[in-house]
Amino acid sequence: MSEPIIQVRHLSKSFGTHVVLRDVDFTVNAGDVTCVIGASGSGKSTLLRCINLLETPTNGNVLFHGQEITAKGFDPCAYRAKVGMVFQSFNLFNNMSVLDNCTAGLRYVLHQDKETARRTALANLEKVGMAPYIHAKPRQLSGGQKQRVAIARALSMQPEVLLFDEPTSALDPQMVGEVLAVMRQLAKDGLTMIVVTHEMAFARDVSSHVVYMADGVIAEEGTPADIFEHPQNPRTVEFLSRFRQE
Amino acid sequence: MQDFFVNCATVLQKYGFSYLRGAGTTLLLALVGTFFGCLIGFAIGALQTIPVDKQRDPAWKRALIRILHGVLRCYVELFRGTPMIVQAVFIYYGLLQVFGIKMGMWTAGFLIVSINTGAYMAETVRGGIVSIDPGQTEGAMSIGMTHWQTMLHVILPQALRNIIPQIGNNFIINIKDTSVLSVISITDLFFVHKSVVGALYTYFESATIVMIIYLTMTLLASYLLRLWEKALDGPQNYDLNTTDTLAYTSGMYNAPNPVHEPQNLDMKGEVSHV
Amino acid sequence: TTDSTAASDSAASTAETGTEADTTAAPDGDGDPTTLTVAMECAYAPYNWTQSDDSNGAVQIRDSSDYAYGYDVMMAKKIAEALGQNVQVVKLDWDSLIPAVMSGDVDCVIAGQSITSERAQQVDFSDPYYYASIITLVKKDGPYANAKSVADLSGATCTSQLGTIWYDNCLPQIPDANILPAQETAPAMLVALNSGACDVVVTDRPTAQAALVAYPDFVALDFGGGDEDFQVSDEDINIGISMKKGNTALKDAINGVLATMTTDDYNTMMDEAISVQPLSE
Amino acid sequence: MQDFFVNCATVLQKYGFSYLRGAGTTLLLALVGTFFGCLIGFAIGALQTIPVDKQRDPAWKRALIRILHGVLRCYVELFRGTPMIVQAVFIYYGLLQVFGIKMGMWTAGFLIVSINTGAYMAETVRGGIVSIDPGQTEGAMSIGMTHWQTMLHVILPQALRNIIPQIGNNFIINIKDTSVLSVISITDLFFVHKSVVGALYTYFESATIVMIIYLTMTLLASYLLRLWEKALDGPQNYDLNTTDTLAYTSGMYNAPNPVHEPQNLDMKGEVSHV
Amino acid sequence: MSEPIIQVRHLSKSFGTHVVLRDVDFTVNAGDVTCVIGASGSGKSTLLRCINLLETPTNGNVLFHGQEITAKGFDPCAYRAKVGMVFQSFNLFNNMSVLDNCTAGLRYVLHQDKETARRTALANLEKVGMAPYIHAKPRQLSGGQKQRVAIARALSMQPEVLLFDEPTSALDPQMVGEVLAVMRQLAKDGLTMIVVTHEMAFARDVSSHVVYMADGVIAEEGTPADIFEHPQNPRTVEFLSRFRQE
């Protein structure tokens, strides 16, 4: 289980003069659950977007199974089909019903037949409690419902690696619990995950590795125990203070 | 005024059938032209947005895309930028004169209207694509869709919705602009009007008749397009799905319903540390 | 300048500066008795054309820096002179010649219009101001280059100009003819013939003469006006000046001028027009 | 071929100035027409989207809005649905004949092009407004903006960006369609072409020259519009504001910066119960 | 302080056959902080949208200072200028910079001059830590940054009542703390607020009144103490179980 799946190597990203990521470097092994925590605007989403090739890194690169994803001839579509993503802003397809949102990838990318795709999608929608809403269009859903559909859509693709960008931000505590339980199960089943989250409890209890980002650099990383019990960096200490005082 | 109606009646009695035939020709040209024009427009819209990755794509591919973009731009600018009547003369008579290629006038007519509409639609579609939230593209890419799949299944259907009013415009423009095809001997509605006026000098009478026919066609087109818009918007509300579920019982969360009793209390202990 | 106020004022200013004619009796159609306002396409040599200077006595086109000349303009000048009016040429698209004269925007249209009884129900025509004999144009190397009669044109693909006697009356006389829809303008008709889209076009002598200059590959066939030729009534080949229905004052005035001229005068004038048309330089 | 260029040269020598004047006329009409057409289009777009509240609005207001919508629809359908050339004849000669109203040809020309473009733009703008996320309207309404403020400050600026390609289309259509104004004796570029061909019978030569002039105008227009699009998109990146702050020290959170030291530890106790 | 500002009276809202709100009835007094909690999809956002007149209620009505807001002749614009809203999906103006987003209402609705508006906006942006980003466009912001601008925009209008729809969903714990502190201060200053939130701690500690919604009805309401210490309804108990076990 310790073969590295995703290696982020000296990754930098600037928008114009504004440096958002600076020399970010970490490794995700197969089966790892890596949590990325950090302040608003510290570059967490940008990091995930670079890994998923939605942004071109300014410098450095990302390796997938040892292969550079920005190399010539690398097929980004096949890669993205294996590395799923749940967006912070959901990005559901507005022209499709909830069910179609989840089957689109299965049918068009994985070329599954309609019925198989439907069964997979329904199973995943049921996991997040969205099965009754399969005929709804995204604009008819509440925030939390959209978020759950986004999760189901990513799960339906049965990817090797899943990138979650704050997957429980729009959910109530009860639903957070249930979605986190689903993720926990996925982790147990060996899915590799990188999770940007503000749910410190989840980071502490489920992750195998925690990355704390501040202003575009990795301020501290380590096992959850390291980060949550013995944070070294004063900024980590401050960031976690509210959570640790519980 | 009395005269006017008498004249109208005379005109209609003599040329009524010609008007109808002309209207049929006009409608046929406009329909075919708009249909293929839209196809061309959508194709170009999709081709123009092919993403290029400076690092990943090999040089030849980037060069090819660049050339393609150049060719498409030339097509759009050339056909948008010159009068259709001149194009018709060049294509129909020019080809015949210089290369001896004799195109059927209908073939030429359909071709000219289609590539013209295509040139305009290409820009229209570009506007439509620009107006779609980039998040939609990202969503599609994130599940591994290729550029074409993204366009076909996600972007263009949404762009289509936004540019239907414009497709209506283009259709109506075509209904009227096909009149220039009279230079290649296609007798459309407006040419019938000109013939009638040429023969009888009853300009206002014939013009009134022709305007009414045009209006009928365009109003019908507007109406149908509005219906289509409504259809694309889909139903205002959705129905809850209560039957179409799988026999999938994972002990996970179940659909909320008013008499919801949690079946997953067992996992509460696991998630209770926040 | 193409300033809108200047343009709309120009008609009025022409009236003020115009020569003092007999304003009470002067025949008129547009509310300005000092000026004879004539509409034409200015795009149909040798009847009327546009040129960029006033050589040969060309008349400046209303609201334009270009000048109009040709047989029609010469005729207009002649009539205006006789009536003691200025001549003003309005360049109009073919489509609006009739509305322009009917609405009283212009006094009359001098644009090579054939006189037919149907048209005469909508406008008044003067007496003929030219007799346009019929000529057939074919290509030198085409199958009909040696035709001697209408019968020899049998089976030809042919066309002519929209709204002309040639198209409406002559073409149907060709046996087994494949008559294409009419062409809107003479140039378009000639392009069709030159490209090979049709074998035969029928037109009048002045147009044919102009065409021969522009297209040396053409030959003009004249079937002699007898039994071998297209059968047309005299009325058909007469072209006249049209004015608003009921404007008998103007009609009589114009007819008065035309009455002083003979067929030979017409032909001399036409020859002069042909000799100075831009094409012949 | 040799001939061809010689002929072109002759044509240009004789009529070069006429072509230029014609091009000027064409450009002027197209510019004025497109400008006012856009204004009309935006105004109608905004009028058509006036919200009606069945409960809150008094009956007369609802009736008024309904009538307004009807009138606007009639305007759009009537002017879109009939050929501009016929409209020109009816407006210019019809008014003269029936009511004795003599309009200047330029007034009539600008009027006709503007109201025609306006009718098309109305539909274009409608498409543009439809394509804006309803959240934008809600955002504007939530801070108390009226319908007009919402349109002016929030919706139309965004719609404008999306329909610029279409404005380009309309401008180019105008450049070509103003040729029908030759029926009211406006000598545009295409009428010059017709005159030259009627005088010299050199169709292809004159057509080539005219096409080149048209292309020059439309390419320039396309280019300028693309620049405008870029300008509207704004800079790709933003600069952090480090100088323009207020002397506002509330003991609250301060802007994050690399050497950030929290000044608000004092309030930590207050918020530490989650 | 006990004059009722907003009274929700037997409010119902359906979308087609789908009943989203059923006979919702509660009162908000001046200076109250009313927290609305409930599961994802239970109708919380719809409730706020009805109060802010973005949706027309199917039945029932809402009174503002005793005046029916759906009555004939009621001016919705003036009303909305006094009753601000922070949307769950932010709804920032995409065509404006961050600063313009915050000054737009002041300038166009309240007709303040440019400089006054700028000062007010900057002060509020500073409160949420977004002052350095005033030149950025919404699409250049991270999720949390957008959310903070949305809050600043609503605060800038200095409304009488503020409706918050999950105002801290996209924020990290530290920032949540800071934003909640701002809201706490506003509450102290007497601003009336209705807050849809998943932050139970905030609901418990700051609110004067808690409304628990489930499937479109108010399942339970009362003081925070009532709801959090002695919930009566079994659904409330279940909903709060994850939070209360802390």
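Letters A, B, C, D and E mark the chains as written, and numbering starts fresh at 1 in each.
We adopt the following convention: a residue touches a chain if its C-beta (ideal position, glycine included) is under 8 Å from a C-beta of that chain, and two chains touch if they have at least 3 such contacts.
Chain-to-protein mapping (UniProt): A, E = ABC transporter, ATP-binding protein; B, D = ABC transporter, permease protein.
What you see is a predicted model, and the numbers here were worked out from it, not measured in a lab.
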{"item": "Fewest hops from subunit B to subunit E - one hop per pair of touching chains", "value": "1"}
{"item": "Comparison of C-D and A-D by number of C-beta pairs in contact, larger one", "value": "C-D"}
{"item": "Intercentroid distance (Cα basis), subunit C paired with subunit B, Å", "value": "43"}
{"item": "Separation of mean Cα positions, subunit E and subunit C [Å, integer]", "value": "79"}
{"item": "Separation of subunit D from subunit E, taking each centre as the mean of its C-alpha atoms, in whole Å", "value": "39"}
{"item": "Per-residue multi-chain contacts in subunit A, two or more chains", "value": "15, 39, 41, 89, 140, 173, 175-177, 200, 238, 241-243, 246"}
{"item": "Multi-chain contact residues (two or more partners), subunit C", "value": "95, 99, 102, 188, 191"}
{"item": "Of all residues in subunit D, the ones touching two or more other chains", "value": "89, 94, 161, 203-204, 237-240, 256-257, 268, 271-272, 274"}
{"item": "Chains grouped in pairs wherever the two touch, ordered by label", "value": "A-B, A-D, A-E, B-C, B-D, B-E, C-D, D-E"}
{"item": "Sites on subunit C touched by subunit D in the complex", "value": "2-5, 7-8, 41-45, 49-52, 61-66, 90-93, 95-96, 99-100, 102-105, 185-188, 190-191, 210-211, 213-215, 277-279"}
{"item": "Residues of subunit B that touch subunit E when the two form their complex", "value": "134, 235-240, 256-258, 260, 262, 268, 271-274"}
{"item": "Subunit D-touching residues of subunit B, taken from the complex the two chains share", "value": "77-78, 80-84, 86, 89-90, 94, 120, 123-124, 126-128, 130-133, 161-166, 168-169, 172-173, 176, 179, 190, 203-204, 207, 210-211, 214-215, 217-219, 222"}
{"item": "Touching residues (chain side subunit B, partner subunit A) in the complex", "value": "53-58, 133, 135-136, 138-146, 149, 153-154, 157-158, 161, 234, 237-242, 244-246, 248, 250, 252-257, 264, 267-268, 270-274"}
{"item": "Interfacial residue positions of subunit A with respect to subunit B in the complex", "value": "52-54, 56, 70-74, 76-82, 84-85, 87, 89-97, 104-105, 108-109, 119, 122-123, 126-137, 140, 153-154, 157, 173, 175-178, 180-182, 184, 199-201, 204-205"}
